[in-house]
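Below are two complexes that have chain A in common, paired first with chain B and then with chain C.
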Partner chain A sequence: MLPLLILSPLILLAALGAVWKARPVHAALLLALTLALIALLYLAIGAYFIGLVQFMVYVGAVAILIVFSLLITRPGDEAEEISRRPSSLLTGLICTVPVLAVLFISLIRANPPEPAASDAPSATLQQFGEKLFTTHAPVVITVGVLLTAVLIGAALFARGVQGISSSEPFESGKSLPP
Partner chain B sequence: MISLPVQTASFPPVTLENLPLLPKNLVEFLLGWVGAPEWLVYAGGIVATAGTVVGVFLSAFALLSLVERKTLARIQNRLGPNRAGWFGIFQPVADGIKMLTKEDIVPAKAEWLLHLAAPVLIVVPPILALGVIPYGCEWTPVPLELGLLFFFATGTLTEIAVFMAGWASGSKFPMLGAMRAISQMVSYELPLVISALGVIMVTGSLSLPDIVGKQGGYHLGFIPAWNLFTPWGLSAGIIFYIASIAEANRCPFDLPEGESEIVAGHMTEYSGFKYALFFMGEYLGLFAIAGLGITLFLGGWQAPLPGLGFVPSWIWFFAKLAVVIMSYLWIRGTFPRVRIDQLMRFAWLCMIPMALVTIPAAGIWTLLRANGHGLFAWLVTVPLLVFPWIVLTIVYNRCLAPATRKYTFAE
Partner chain C sequence: MTPLATLLTLSSVLFSLGLLAVLTRRNAILILVGIELMLNAANINFIAFWRYGPPDPDLTGPMFVLFSIAIAAAEAAVGLAIILMVFRHTRSTDLNRLDSLHG
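Up next, the complex of A and B:
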């Protein structure tokens, strides 16, 4: 209970900062902080594998992707100007209020049983791996196919961008282009 | 209430083997003797363990900074630092004093909070990673069941810190340097992790002490059963070695911090102790990743010959670490720096396919050896690894010229 009490306000603050900050890089770094704190929450409840994988994938790949694209494109601070328009406020309310209402109502109505007084979860890493690749193998394969399709699509898309032409192999012996 | 693993019995005997555990045992014994509550004894033990690791590796860092400069100097036919004491032995002390007394300059356009947080954040992941490496048969500071995953997770934190350093400096060289550094680190993290996957598959565990334990024993009486002495292990080991040089931003992959390229890359606008922290983070990261390579491929703390078991295991680990670090220094003094496009092309076109080929080779090796076909395993895996390597070398040599790129982001 104590890790949840300490971490959830921090997560909420970081997430609020990530959506409210006008400067994109600050928002991106706060998003990385939010994801890192969620990883800490996973570690605190005993899901060590998921916590470390969350850290490695979300903070180490997703957040890096976001900051790298910010470095390349270097956008201005337009978010603040956009967020002050009344239509943006209305859109935001329409999107968030129903979701929050559903979450709140379901949390109040749900009646989870008292957690048993046992400490760490009993599944070892071996059992986790076995279950993932035998019982849930179709899911893993589907995700793999999806990711392969995304990778191929990204590579094809990148080749089509103007100005970058690395498709012709250079033959040794010829002089270098000027 | 969880039970804490605390030493409340009598003081364990001091042998040469558990000499590194002496501070921890001493602190726990003293606190228990004084009558402190159990959580305080546990916390004291943790602080003593962390202090031992940090103390050992910070002194190693100081020593390495001198050894590196002398070695590079000798390679380059000059003497190296020899003014600050006999043989330059106090040069690290002089460097430390210099760094501490320098003015701390923060550029006006920089964001001071991120500018301050970046060097602090870059020292933390290597120290965390150094905690999970098994240094001796009785000394793993934090024996995690998921030690290898923890190691790679801390490596990703370094990339965020490099980005913060580059962006927060508010100047063009750091931003370019950070871009290059991040793309380099992300690209070379893939061969690093994929080559470690082969070891995980063969060992069946993510726990680093288990991986070292599996490499015990000797073939034919004198060849150690290290992972490097198998076909897939040699291939994966070479890939890991090259990728670790790139991850640690060492020459020939030190484009992010090459002086003749982009001044100092993401560290340009740093001076004084913050620069010393970057330096420290880089060297500690080098120790961590070399230590991991030794654990995965060189048998960790296992002795190389059967009769040498009387030497404490942590001495073997540090001897191997010294050899690996000397090879890094040798490579630094020998090879020129690679260009950014050569670097990226090497990672994506050569290293990743080779690393991907290593995984089925490791699987086939384990399967065949488990069913008793030892010689057949050699006959199958060696061509499986050599043939793609030859093909990749030919393909890669064909695209060595720079691609005609149009730079759209450097104004």
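Up next, the complex of A and C:
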């Protein structure tokens, strides 16, 4: 329970920073910190395999991909972002606060019971492997096909679609000069 | 407060923060950041119910999280590829500028 009480506020603070920071690179790095802390949380509560997968996939791939994307694109004007913040924040809060209220009310009404066992349920790598390649084999194959399609699609998108010159901006006239 | 209630509270607040990022940010990449936060909030719920719920020999919660992480990685890759393609044409990732279909 103690690691949980220490990690939960840290996760929320890092996530708040990722949401609030005006500089995009800072926000992306704080997202990486949030994801790493969530991985630590998984390790702390006994979900070791999922914690390591979270570290490798989210912190090692997704967060770094986002940081690199920010580095090769031109981030927006921070001063403009900050000046527009009050109106957009109001809209965001009007939509977000009811969602949070509904979640909290359902959480209070559900009244989660005290856990029966304090030990983590056993989940060895062998069990994971057996379940993955017996019960969930069709899903593994489907995810494999999906990831292959994503790999090909992302490579095609990144190269640029035929017929559209990548050097020409849109005709709307609102594009920034290169 | 029980550990399960703590984790559910954490995931509720994390989900709301992600939603706030999606609704308030203008940079397309930072909207993806909000989506990742929301996906992680859902994953925390799966792990919390598996860890503190009734014993589950089928490992349903971790399996869901495993596939969810794979789908999230795919979503991030395709999303960022689309954003990069849009950036090559408009020289911006600001969603307010992408109004060429505006009537």
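The definition used in the following text is that the second predicted complex is superposed on the first by the 137 of 178 C-alpha atoms of A that agree within 3 Å, B and C clash if a C-alpha of one lies under 4 Å from a C-alpha of the other, contacts with A are read in each partner's own complex, and residues count from 1 in each chain.
The definition used in the following text is that contacts are C-beta pairs under 8 Å (C-beta built on N, C-alpha and C of every residue); 3 or more make two chains touch, one makes a residue touch a chain.
What you are looking at is a predicted structure, and each value in this text was computed from that prediction instead of being measured.
Here chain B and chain C are compared by how many residues of chain A each touches, and C touches more.
Contacts of A:Leu31 after superposition: chain C is touched, whereas chain B is not reached. Applying the stated contact rule after C-alpha superposition, one finds that A:Phe55 touches chain B and leaves chain C untouched. By the document's definition of touching, neither partner reaches A:Leu2: not chain B, not chain C. By the touch criterion defined above, A:Ala15 reaches chain C but does not reach chain B. In the superposition on chain A, contact of A:Gly92 is made with chain C only, not with chain B.
In the superposition on chain A, A:Ile72 contacts both chain B and chain C. In the superposition on chain A, the residues of chain A contacting both chain B and chain C are 49, 53, 61, 72, 74, 164, 166, 169-172, 176-177. Of all residues in chain A, only 1, 4-5, 8, 11-12, 15-16, 18-19, 24, 27-28, 31, 34-35, 38, 41-42, 45-47, 49-50, 53-54, 57-58, 61-62, 65-66, 69-70, 72-76, 81, 84-85, 88-89, 91-93, 95-96, 99-100, 103-104, 107, 112-117, 120-121, 123, 127-128, 131-132, 135-136, 139, 143, 146-147, 150-151, 153-155, 157-158, 160-161, 164, 166, 168-172, 174-178 touch chain C in the complex they form.
On chain B, the positions that touch chain A within their shared complex are 2, 114, 144-146, 149-150, 152-153, 155-157, 159-160, 163-164, 166-167, 175, 178-179, 182-183, 186, 189, 204-206, 397-406, 408-409. Only residues 25, 29, 32, 48-49, 52-53, 55-56, 59-61, 63-64, 67-68, 71-72, 74, 119, 125-126, 162-166, 169-172, 176-177 of chain A touch chain B when the two sit together in their complex. Only residues 2-10, 12-21, 23-24, 26-27, 29-30, 32-34, 36-37, 40, 43-44, 47-48, 50-56, 58-59, 62-63, 65-67, 69-74, 76-78, 80-85, 87-94, 97, 99-100 of chain C touch chain A when the two sit together in their complex.
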